[in-house]
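Chain naming follows the written order as A, B and C, and within any one chain the residues start at number 1.
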């Protein structure tokens, strides 16, 4: 079978990092950078696919040279090829540009299946997986919480309105991964030494003009000071506040 | 002023109330939208036509809409929907469809919009630790967070057209499985409800479990509870030597809020405390504190949440 | 508690290579996920989880400076130091396992063993399948190993060993023991395997320190081993001392990890603990203590890093290792004690790691050369006069 497997990975600020807004832009100069957490599950899915059916795994990222780190991290757990898509003239790419660049790389390596995290920890958007699938005219399944490999494709479990849907998909397809359905393997020293020696292939791509203009970044609205209510009769008011003010349920 | 298109949100074929908020968002962009309602029949179209602020309604009818399939939905909806700024719900499927639609049209997608001010759209970034304000330089697909726009009320009735538009589905649902009732681990969950020694008996944790089920939350415990009761395992412990958690919502029931527990959860986005002792230190850290016994508060909390979330 | 992100005030990280950082982070993450949530229980039970030894093997950090040809990582001494630092941030007993396995059991085989011995033992020890230990110290011979009484005599195709060793980390669970004994009055190294006749390794119990670690006696009663088990290439104290130098080097980094854990806990605690309406971190006496801790940790880090680079380019001398080991362990123990004080009564609970580190560091200060022995090693280097014994 020997499938050609691609996995998209992204370098993002650690989810515990303090995000400062300085002037009208976020200041990321002091944050710790990590691989976006859901991408670790996508990487594991890609490696599991290779273990099940053979083939080659290529990790792809879009970004400036400092993004090589997440590719090296992917190499340390055993991916075969590592590719970064970038042009030094690029900055603040919108979804359209991002997806075109990544799609171009996926096409260039002739991948037959693409795994990615369900959303990136910085944007929380979740657009890349389905967007890349559309540009490739492939099937897509998002937010998967289960994965099995079959001769004719893959079977995934995705959350649906009335429960979880066990769904069959023929390849080629793009699969975006939630966490929990597998345990991301850890690197070991051998992998780290291979990563040290590995070469990142840098690819160019054609992208259109941006469709959005970032005007500013602002700090989040201030949380209201804490309030204490006397008596259980206040529970409904608190529930309403959690929904309408805090937006957490 | 751009044309706007709203993709109505449906749930199991029925119109979802958030659609009225999407229309409101489209109105904020300065236009009365064309509302596309995908479905296997046009049964929901009439309800949409009754909403205020709607330009016209197109019922996009096709077999492919019997279950969610990204590729076919994008194809079919794209054919029915005119050009313009497309407005979707920022639900799981809404965002997915929004991405494919935008990609299909080679335009940007802007997810989780929470405010529209003139031509400036605002979306949260870094899990809401900052806000991003953007303007569009052309058509785009945007998704709107629930509960951020007031729903429009009733209108005069808009024109309804039916377009029969299906597409080949690319994924095949083989079986529906009930959502597993596995307890989420506290380290993984976005919402946690924890019990302390104030629960008085480990059997009372079942009341917390029911609320956790309603919320899709994990159940945690303070060290005091874990140390006192064998039945409460260490894996549930939140606090210094238990797990450090960072959920969007942390509900502490019968927990005093002494420093060791606090250290484990103080970075939670929102903290709700239920404790019968008004002097309990946890109230200093809670966004919403309720001074009450858990026996009185939990049943009300459970019924309110079930009513709200279904 | 905020996630641990290292204590690195002088940006040591900027001096590390990409792979050294990745190895450090690999162990840091593993310690956070597997060790810290379980270490207090292991300590209460006085139990070293075997699976941790295997996990270290899988990560490839056992004997990690030894050549790749023997299934080892072939990485730098700085990388080894970083691994020790992260392990000991978890627990000194855990780092002791790795020190013993790598520097005291695998190292002598790689430095002094025959090619067959290396190929036979090293790969399985690197993977963690075989656990090693190092038998030098005896009940009556600690700082004075040269006068040891464990002896070996030739008998046909075998050596027969008699004697006893004490305070041996990993002994009871070891598959392989590197035992130093006198053959015709000269100290030689012997490889003893756990099933050899006449060899037993009872566990020592009742420890208040290094509780999550196996400490044993090694007992040799007419213990018979084939002649090919002798380490051919070394005679005299030079053998065990070169192993100890390696282990001591790792400990100079490890102690930093322990100090970092105590500092991190003290900082978090004092920021959260409110007394007289303010967090105690806002009071001057507390800030003084935190600043002192940071100074000592920073100095210790620079010492260890520079020493590591000298280990890597071969320009080191043993006295430099003595200085680093004694300084860093001493500062770590003082930091642990200070941290306990800053945690108030909470500091005595195993809710916080402080007293576990404090108790562990008492052992670390004594083993691998006591604090005062290292003092004398430096004194001899400075003055040219040995002060270990009255026989000048």
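Keep in mind that, in the parts below, a contact is a pair of C-beta atoms (placed from the backbone, for glycine too) under 8 Å apart; a residue touches a chain by one contact, two chains touch by 3 or more.
All figures in this text were calculated on a predicted structure; none of them were measured in a lab.
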Practice problem: Please name the chain that ends up farthest from chain B once chain centres are defined by their CA atoms averaged. | Solution: C
Exercise. Please state which pair of chains has more C-beta contact pairs than any other pair.
Key: A-B
Quiz item: By C-alpha centroids, what is the most central chain here?
Solution: A
Quiz item: Cα centroid separation between chain B and chain C, in whole Å?
Solution: 51
Exercise. Could you tell me the distance, in whole angstrom, between the mean C-alpha positions of chain A and chain C?
Key: 40
Self-check item: Inter-chain centre distance, chain A versus chain B - centres from mean C-alpha coordinates, in Å
Solution: 20
Quiz item: Going by the touch rule set out above, which residues of chain B reach two or more other chains?
Solution: 267
Quiz item: chain A: which residues touch two or more other chains?
Solution: 16
Exercise. Name the residues of chain C that each touch 2 or more other chains.
Key: 2-3
Self-check item: Partner chain B, residues of chain A touching it in the complex
Solution: 13, 15-19, 21, 26, 94-96, 99, 121-135, 138-143, 155, 157, 159-170, 173, 179-180, 208-221, 223-224, 226-236, 238-239, 241-244, 246-249
Quiz item: What part of chain B is in contact with chain C in the complex they form?
Solution: 223, 234, 239-244, 259-260, 262-264, 266-267
Exercise. Would you pull the chain C residues touching chain B in the complex into a rising list?
Key: 1-3, 37, 40-41, 268-269, 272-273, 346, 350-352
Quiz item: Which of the residues in chain A end up touching chain C in this complex?
Solution: 14, 16, 32, 69, 72-73, 76, 186-190, 192-193, 195-196
Quiz prompt | Interface residues, chain B side, partner chain A - complex | solution = 11-12, 67-68, 70-71, 74, 92, 95-104, 106-112, 120, 124-140, 145, 147-148, 170-180, 188, 191, 215, 246, 248-249, 267, 269-272, 278, 283-293, 296-297, 300-301, 304-305, 308-309
